[in-house]
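Both of the next two complexes hold subunit A, though its partner changes from subunit B to subunit C.
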Partner chain A sequence: MNEIGGAPLFFLEFGDIVIYFSPFTITLFLLALVFSVFVLVSRPERQIDIAFGADAFYAKVISLSELKFRRFMSIACGLACMGAMVTGDLFDFTLFVSLVGICNVGIVAAVKSRHVQNAAYQYGLVALAGTVPMFAAAAMVAATTGTLSMLELAEGTIQVPLAARALLVLGVMGEGMAPFYAAKAEMFRAPGAPYVIMCSLSSLLIFLRVAEVILVL
Partner chain B sequence: MWNEYSFGLAIAFACALIGFAALTRERDDLHKLLLIDLVETASLAVIALIGTDLAEALILPGLVVGIAELLALSQIYLTKEGYQQNPVKGLNIEVMMRSPAPVILSTILVVYGIILSGFTGGGIAGLGVVFFLMSRSFTGDFHVLEIASGISWALWVAAFFVFMFLPGWWYFALLGAAIGILLKVITKMSLVGAMWGETE
Partner chain C sequence: MIIQKISRILSNFDNILPLFAAACAVMSIITLISLPLAYHEDQLYPKRIVPGSTLNPYDRGGPPFTQAEIHSQYPENSPTAGYVTAYLTPFSLFLSEYTSYMGTTIVAHPGGILDEILYNTRGLDTVVEPTILFIAFAIAAYIFRKGGDE
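Up next is the complex of A and B:
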């Protein structure tokens, strides 16, 4: 077996779906866990706008319902990240990634501002389009090799077609990596600091994990 | 090289490409959303090309994820465009009051649905009930329907517990699950049909 992230330390089996913790995946898992806890305990930042020409400033207030919704979405995003980091099943991985995508859209879209909503809508369209190559890649792997288990694919006896790998990267880029293309000022200028971090963190984690997946296949 | 699978894959990807090409030319936000939903269907076709039981097991989560994102996006679209209240006007199917045709059609649908049983049967029988309610502009108490829906849902879940913990009773559990999902889908669909014409 070609090991990218070190030898798996232990396996957790749910029928066909085997979750494995190698030094690489366990590091990413812990990172997602720590940041989820941070989101759980932190208070939202209050943005201050200086009024020009006067000795005054505006403080933006975040309503409790918005706070609750964004916190829930961030924690859900963290959980989805944790799942995506350790799962050993390719289709499972794509499902977790699309869950991360939905949560990221939710975090951004909770802000009641027209520009932010517009940006979130465009991001959502890309995320939705990203599911097409992603699921197609997982289906192609299943159809050509007969298995979806990363551990079995890592044996190296069956060759995964290059097109399937390319589609997987394309889909994951669209779905899970928010700031990769959506570095729109409107999105990240919105108030609510600790929650937007979850978008960036999930993108980073998923980028690292998909690199491992592609190398293992 | 060019076996059945490759042909199917080529056709599915061609469909997806046509959809994406249309997407690049489209400027209206709502139309973009609809086009992307269309492209999603092509990805379901690629999954279906696996052609084994596994395909069925993979299509369902794929479909659910797609629909979840679609719902989230349409909600964002409504907020973005400021459509807060958007009451549904009802379908206004004109049926003569004394005509027995709706009763006969609904009865056929319900009986056929019960014979089919399961999820599909529930859908067809529910369609019969929806049609009947719409043609009669039914206004009444939906509480009973909601209770029936809940109880049949519980029956369905209970049947699954029997599958897991008492596998010897599988036939009993199978019947329970089939009847449960049948009743559940019938009541849910008739609720949809009854609430459609409701004015706020």
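Up next is the complex of A and C:
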């Protein structure tokens, strides 16, 4: 097999969906895992605005219910990232990436800032539209090669059409990668540091993983 | 200078959706130009629609209580695949023999036919799909309740 991320160390079989841990995917998996644990145990930051001309400041406090919801969404996003990092099935990968997109909207859904809400709305629309080329790519791969398993596709006996790869990249780019990154970057203006950083980290991880997927196909 | 202009346009998130739509349109045209793509005949999970069958959309062939031949990617990982009609309870078997609606009562009839392609060979997909739905429901419910408070 075409080993981009090193030789697979071990496999975890869920029927036809075989999860594989190679040095590359296990590194990304551990990164997502460690950050999810950070999110689980840490308290959110409190943004402080200094009032000019006076000896005063405003502290933005996050209420407990909002904190719980955002922590839940961040951990869900972390789990989705972990799944996307190690899965060995193309359709499963697209499902996990769309789950990451939904969770990212969820992380900032509770924020009261109007600016952040507008950015999240725009990001949500792009993430929604991005699923269309992504699943189209998975369907094209299934139709032209007869399989969805990356381990089978990596053997390179059947060529995946270039259009399918390009559609996959376009769809994943819609989930929060440059040049469609601006809406996501504005979402970080929301208070609550460890949770909103998960938006950024998930983009980075999925970017690294999709590069491997495209090279393997 | 040109990079400055481009980055100024890209930094406004209201321009992101039209840009992505344009990219999708361009990509669709390129995909259409690259057609036709060859269809691979050796597909996983082949299925024939048998018009006369009472189990119609879910009929994978084979008699009840024996294993039908399913072409899966890793047959060794799902040894029980192909027992679709083996999931028929005696009542379901009765329904399927005397009425023509068994294939469509799957939702209302627990213990009826399970599509074993979904549940047996591609189980993780089935888990992730409802997870996406549940997360979306959780967000919608939270926003709805938050709106009610204020």
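What we mean here is this: the second predicted complex is superposed on the first by the 208 of 217 C-alpha atoms of A that agree within 3 Å, B and C clash if a C-alpha of one lies under 4 Å from a C-alpha of the other, contacts with A are read in each partner's own complex, and residues count from 1 in each chain.
Please note the rule applied: contacts are C-beta pairs under 8 Å (C-beta built on N, C-alpha and C of every residue); 3 or more make two chains touch, one makes a residue touch a chain.
Only a predicted model underlies this, so the values are computations on that prediction, with no experimental measurement involved.
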Partner chain(s) touched by A:R114 [first = subunit B, second = subunit C, both, neither]: first
Which of subunit B and subunit C A:G88 touches, first, second, both or neither: neither
First (subunit B), second (subunit C), both or neither touched by A:A166: second
Touched partner set for A:A76, first subunit B, second subunit C, both or neither: second
Comparison of subunit B and subunit C by subunit A residues contacted: C
Which of subunit B and subunit C A:S98 touches, first, second, both or neither: both
First (subunit B), second (subunit C), both or neither touched by A:A138: first
Which of subunit B and subunit C A:G176 touches, first, second, both or neither: neither
Contacts of A:V18 with subunit B and subunit C, given as first, second, both or neither: second
Touching partner for A:G106 - first (subunit B), second (subunit C), both, neither: both
Those residues of subunit A which subunit B touches in one complex and subunit C touches in the other: 91, 95, 98-99, 102, 105-106, 109, 118, 125, 129, 132-133, 140, 142-143
Subunit C contact footprint on subunit A (complex, rising order): 13-18, 69, 72-73, 76, 80, 83, 87, 89, 91-92, 95-96, 98-99, 102-103, 105-106, 109-110, 118-119, 122-123, 125-126, 129-130, 132-133, 140, 142-149, 152, 158, 161-163, 166-167, 170, 174, 179-180, 182-183, 186
Residues of subunit C defined as touching subunit A within the complex: 10-17, 19-21, 23-24, 27, 30-31, 34, 37-44, 72-74, 77-78, 81, 120-125, 128-129, 131-132, 135-136, 138-139, 142-143, 146
Contact footprint of subunit B on subunit A as seen in their complex: 91, 95, 98-99, 101-102, 105-106, 109, 112, 114, 117-118, 120-121, 124-125, 127-129, 131-133, 135-136, 138-140, 142-143
Of all residues in subunit B, those that touch subunit A in their complex: 5, 9, 12-13, 16, 20, 23, 29, 32-33, 36-37, 39-40, 42-44, 46-47, 49-51, 54-55, 58, 61-62, 65-66, 68-70, 72-73, 76-77, 79-80
